[in-house]
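Two complexes, one shared chain (subunit A), two partners (subunit B, subunit C).
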Partner chain A sequence: MELAVWVIILPLLTGFLLGISKLYFNKILFPLVMSSAIIYLYLLILVIQNSNPPKLYSIGNWGLLGINLMVDPFSSMFLLIIAILFISVIVFSMKYIKMNKHKYFIFTYLMIAGIAGMVLTADLFNLYVFLEVSSMSSYALSAFKKTDKGIEGTFKYLIMSTFGSFFILLATILTYYLTGTLNIAEVSLGFQDIPFMIKSMLMCLFVFGYVIKIGLVPMHAWLPDAYEDSPIPYNVFSSGLVMKSAIYALIRVLYIIFGIEFLSESGILNIFVYWGVITFIISHFLAFQQSNLIRLLAYSSIAQIGYIIVGLFVGSEKGLIGGSFHILNHAIMKGALFLVVGIFYYSLKSVKIEDIKEMGYKYPIISFIFVINALAIVGLPPFNGFMSKWLIVEAALESGFVYPAFFILVGTFLSLTYYLKVIIKLYTKTEEKIITKVPLALKIPTIFVGSLCIVFGIVPSLPLSLINNIPKFLLDNSEYVRILLGG
Partner chain B sequence: MEILYFIVIFLFCLGIYTIISQKNLIKIVIGFTIVESSLILLLILVGYKPGGTAPILDKVYQIVVDPISQALALTSIVIGGSVTAVMLMLVIKIQKRYGTLNIDKIRKLHG
Partner chain C sequence: MIRINEMFKKLYKISLVVLLAIFLLYVFNEIHDLASKSYLSEHYISKGVQETGAINLVTSVLYDYRSFDTLGEATVILTASAILAFLVPLRKVAMHGTKFLIIVHQTMIFIVPYLAVLGSYLILFGHLNPGGGFVGGVVLALIPIVMTITYCIEFSEYKFKPNIKTLLEDLGSICFIILGLFGIVTGSNFLASGQSNLGLGNPGELISGGLILCLNIIIGIKVGAGMAKIFNSLIKGE
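Then we have the complex of A and B:
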C-alpha cells in the first residue's frame, strides 16, 4: 500500500474506531487517541521527507482514471502545519474537553482526514469532496458547546460555507463538461484550447466559492460568529488549517489549472492584491473595537489572511515564498495565542479582555508566550512574523505595488495598537480573584507551539529550505503536470 | 435537450433567490435543496447521450452514457443530504432556544 494513502486513511480509521470503542470499552480513549496521533506524526514526517521532487502516488495502478495523490512542496508545507498543530492540540484537548470526549475526538480526526485529503489529492472532484468532509466536521465542532451563541454562529457559518461550495461544485461540473476529465493535469492541458471568456467565467465561479470559505472582506461576517462560542482547541485548527486549506485549494486551482499567464492576463492578480489590502485594513479596525478576546483573535486572523493573499497573488517568486511562509507562521502564532486564551478560559471561565487582568503575574510563563506571539503576529523582529511580512513587503515593492506595501506597514501599526491593549490589561494589577489551577498537560503544548515562533524567527532557514521549492512548481505548472501525467 | 439546460439554470437561480430573499429558516433550507437538485440534474445532463443506456444489464448496446458523472451525482446526493440534515438539526435547536424561525429575530451575536 502506498504511504501517502495512510495520511488520509489513518485519521478516518481512528475516527471510526473511536466510535466503536465508545460502545464497548470506554477506557480505551486515551491510549487509542495518543498512539494514533504519534503514528500519524511519524507518517507525516516520512511523507514530507519524500516531497522534493514532487512524488505521485497512484492508487491501484489505474493510471489517470484512478485516484492520484500528489505531494509537492506546497502540500508538504500543509502537512508540516498538520504535524505541528495536531499533536499539540490533541494533548491539549485531552484535559481541556470534559464532556463528550469521544464525539470531540471523532470529529477532530475526521476534520484532519478531510484536510489531509484536500492537500494531497490531484483530482478536482475529490478536492470538493474532501473540502465538504472537513467543513462538515468543522460545523459539528463549531456547535460543540451547544450554547445559543454557538448554534447561531454555526448556522451562519453553515449557510455561508454551503453557499460557497455550490459555486465550487458548479465550476467543477462545468470544467468536467468542457474538458471531459477531472484530473488536474489533464484539465490544465485541456484548458489551453478553451476561449478566454469561458475560462474567465469559470475562474470567477471558483474564486467566488473559495473566497467565501476563506472569509475575505466583505464575506467575513460569519467567521468571528462561528469562532465565538466554540471549543478553543477547535479554533486553533479552524484558523490554522480549515481557512488555510481553502486558500490551498484556491492557489492549486488558479496556479495549476489556469496558469500564471492567464492570471496576469485577466488581471485577477491585481484584484486579489488590492482585495487583500482592503481585507486587512478593515478587519484591523474591526478587531480594535472588540471586547471579547476570541473575537479579537478571529478578526486578527482575517487580517493575516489578507497579508497572505497579498503575498501569494503578487505573482513573483518571492511573493509566493513570503505568502507560504506566512501561512505556516500564522498557523503557529495564532495557534499559540488561542491555546493561551484556552488556558485563561480554563482558569477564569471568561474570555473578556477586562477579566484577564493580573494573569501576567499569576501565569508568568504562559503570559510571556502570549506576549511574544502577539509581537510576532504584529511583525516585530526577531520573530518569525517579521521574516514573512518583510518578504511580502519586499515582493510587493519589487512587482511595483507601492501602495499595498505602504499599507502593510500601516496595518502593522494598527495591529500593534490592539495587541498592546490586551498586553497592558494582562499586566494590570487588580484585587484578588479565584482561579482554577491549570494542569501541566495544558501548559506543555502551549509552550511548545509558542516557542516555535522564536525558533523559526532566529533560524528561518529551517522551514525555508522546504518553502523555497514552492514557487518552482506553482509559477510553472508544466513540471507539476508532467509528473502527474506520469512522465 | 436544450430546454433541460434552461430548467437547470432556472432552478439554480430560483434556489439562490430563495436563499437570499426568505426570512424563514425552513424556507432557506428549502432554497438550498433546490440549488442542490439543480446541480445534480446538471451532472446527469452533462453525461447524458440521447438513446444511451447503462451497459450493466443489457447484453447488446451501442451508445453508453457517461458513468463518471453519474457516480459524481451519487456523491453529491450524499453530501447534499448530510448538509441538509445538519442544517435541519441546527434549525430545530434554534427553534427550541429562540422560539422563532424568523432570521431577523435571532440576534444574540453582535459586533
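Then we have the complex of A and C:
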C-alpha cells in the first residue's frame, strides 16, 4: 500500500520544513502545521480503512532483503489513536504553547513520525531505530519548560529509558546473530529450532527492555517525575502514545516472534498477569497520596497500563480485544483529563488539587468533561472505560485467573476514591480568585476528545469493528507471517 | 547504623552489576555454541555489487538495502543537535586553553584544506572505498571544531553561521526524503534505486551506484553540520 510510507514521511517532512521556517519564514508556522495535520488526518483515515486484510509495503522494493512496512488491525488501531489525539493536541497547543513554538512543533512532529514508524514497521532493527526517534523527541519535550524540576525528571527518564534501549538493542543483535535475519516473519520461522533455554533468555532481555519503557511497577519511578513539569499537551501524547507504543512493540515481539505456545509454555503469561495486578494495586495507592494533579494522573496512567497488561497477557481472544480496547479508551480518557488540567493550568497557573476549587462553577462544560472522563477511567457504566474493563474481567475469569479478576474490581474501587477527591474539590465553593480567560481554541479540542468517551461507551461497536480483527493476526502468528513473507 | 546502611547500599549495587554480568556471560556462552545463520549476509556479499552497483558493501547495505534505517538514524542526529541547541543556555563563556603559540595558529591554516579534501573524498568515494557519508561528515565537522578549539567560538561561528548549519541539516533531511520519493515517481517504491529505472552504471566508476552517491553526499553534509552544531552547543556550557 503506497500510503503506508507517507504516514511516516509526512510528519518527518513537516518537522524538517518547520526547522527551516524557523530561520527564514517565521510567519508560515500556523498554515504549515495546520495543513499538514489535516492532510495527515485524511491519510490516516485512508490507511485505517484499508487495513483489513493486512497490507504490505516494501521499502526500496527489496522484498525480504530490505525493510517492510505492514498495516494490520493492531497497528491501525494505534493509527486511530494518533488520528484522534494528534489533531486535537495540535489545535490545543497552537494557543497553549507561548515560547519556542517552532521547536515544540518540530519535536512533536518527529515524535509522531517515530511512533508511526514503530507501529508500521515489520523489521526488528527498524523498530529499534524508530523507538529511538520517538524517545529522543520525547526527552526533548519532557524538558521543554527548562525548569529545574523538569530537567531533573527528564534526566531520570533519559537514564532509565537508555538502559531499556540497551537491553532491546542487545536482544535485537543476538536475534540477528541466531537467525541471520531481521524480518519479523523470518525471525519467527527461524526461532522454531532454537533451544528453549536460549529463547527464554532472549525473551527476558526483550521484556526487561520494554518494561522499563512501559513503566510497570518496579521500573515506574521515572514516569511521574518526567510528567510533572513538562508541557501538558505533551503529557497527552506521552501517556496516550509513547508508553503505548512500547506496549505495542512488546506485544508484537512476544506474540509474533515467540508465538503464543512458547509464551504459555514458559509461563510468562502468568507472570505478566500478576505483574499487571501488582502494578495497578501499588500505583493506585501511590496515586491516592498525591497532591499534584499531574502526578495523580501519571500514577493513574501506570495503573491503567496494569489493566492493559492483564488484558493483553491473559492469552485469549477476548483478553486481546479487551486489552486493545482499553489502550484506545485510556488514550482518549487520559488525553481528555490532561487537556482539562491544561486548561486549569492555563487559567490558574497551578496544578495543585487544593487550588482547583470552584472551577466547576467557573467552567461548567470543561469540568463536566473532567467528571465524565474521571468516571469513565474508574470504570462506571455507561462509559467506554466500563466496556473495556468488563471485557478484561470476563477474559480473566474465562482463562481461570480468578484472583486477578477480583483485584481488578478492588482497583476500580481504589481509583474511585482518589478521583472522587478531585471531583469534590472541583465543586467546592471558595472565595473569589483571579483567573485568566481561556480561549475557545483550547476548549473545542478538549470537548471533542472528552465527548468521544460517551460516544464509544454508547456505541462500542464503532471501534470494536476494527478491534475485533486484532486477535486473528496476533494470537495465531502464522497468518501474519504468511502475509509478511508475501504469500 | 548509617554506615551499615551505606555498606548495604553499596553491596546491593555491586551485586546487581555482578548478577547482570553473570547473566550476560551465560547468554553469550550458550549462544556461542550454536551455529549462526547468515543467509542474508551471504546474499549481500554474493549479489550486492550487481544489485546495488556499490563496491563498498557496507554502503550498499546502509544506503540501499536498509536506507530507511539511515533516514531514522539521520533523524536521531538531527533531533540530538536540535535538543542541544535548544537546552544549552545561550550565554557564551570563555574557553580554557585558548592560549596557543603562533605555531599552532599557523599550522591550522595548512590542516584545514587537508581536512576538507579528506572529508569530501570519503563522502564522494564512499561507495567505492571504505568511508561513506557518516564518516566523511564527521571529518568535515572537524574543520569548525578545530577552529573553535584553536581560535575561539566566535571566530568559528563567524565563519560557519549557526543558522546556516541548521539550514544545511534540515535541507539534507528533506533532500533525503525527496530522493526517496524519486523512487515512487519512477513507478517503484520509496527509496528504490536499482529497481527504479535509474541506471546503476559500471561498478567501480565514480558515477555509479544509483542513489547511493547522492545519499552519501546529503548525509555527509547533514552529519557534518549536525556534529559541528552539537560540539559548539556543548562547549558553550556554563
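Following the convention adopted for this analysis, the second predicted complex is superposed on the first by the 486 of 487 C-alpha atoms of A that agree within 3 Å, B and C clash if a C-alpha of one lies under 4 Å from a C-alpha of the other, contacts with A are read in each partner's own complex, and residues count from 1 in each chain.
The rule is short, and it goes like this: a contact is a pair of C-beta atoms (placed from the backbone, for glycine too) under 8 Å apart; a residue touches a chain by one contact, two chains touch by 3 or more.
If you're wondering where the values come from, they're calculated on a predicted model, not measured in any experiment.
By the touch criterion defined above, A:E132 reaches both subunit B and subunit C.
In the superposition on chain A, A:L46 makes contact with neither subunit B nor subunit C.
When the two complexes are overlaid on their common chain A, residue A:I271 makes contact with neither subunit B nor subunit C.
Within the superposed three-chain model, A:Q290 lies in touch with subunit B and out of touch with subunit C [touch as defined at top].
The larger set of touched subunit A residues comes from C, when the choice is between subunit B and subunit C. Touch criterion met: A:I20 reaches subunit C, while subunit B stays clear of it. In the superposition on chain A, A:Y177 makes contact with both subunit B and subunit C.
In the overlay built on the shared chain, the residue A:A143 is in contact with subunit B and with subunit C. With both structures placed on the common chain, the touch criterion links A:V459 to neither subunit B nor subunit C. Of the two partner chains placed by superposition, only subunit C is touched by A:I194; subunit B is not. The intersection of subunit A residues touching subunit B with those touching subunit C, taken from the two complexes, comprises 125, 129, 132, 136, 139-140, 143, 146, 151, 177, 182. Residues 125, 129, 132, 136, 139-140, 143, 146, 148-149, 151-156, 158-159, 162-163, 166, 169-170, 173, 176-177, 182, 224-225, 228, 289-290, 292, 295 of subunit A are the ones touching subunit B in the complex. Against subunit C, in their complex, subunit A makes its touches with residues 2, 5, 9, 12-13, 16-17, 19-20, 22-24, 57-62, 65-67, 100, 103, 106-107, 110, 113-114, 117, 125-126, 129-130, 132-133, 136-137, 139-140, 143, 146, 151, 174, 177-182, 190, 194-195, 197-198, 201-202, 205. Remark: subunit C residues 23, 26-27, 30-31, 34, 36-41, 43-44, 64-69, 71-73, 75-76, 78-80, 82-83, 86-87, 163, 166-167, 169-171, 173-174, 177, 180, 183-184, 188-193, 195 touch subunit A in the complex.
The touching residues of subunit B, counted against subunit A in their complex, run 12, 19, 25, 28, 32, 35-36, 39, 42-43, 46, 68-69, 72, 75-76, 79, 82-83, 86-87, 90-91, 93-94, 97-98, 106, 108-109, 111.
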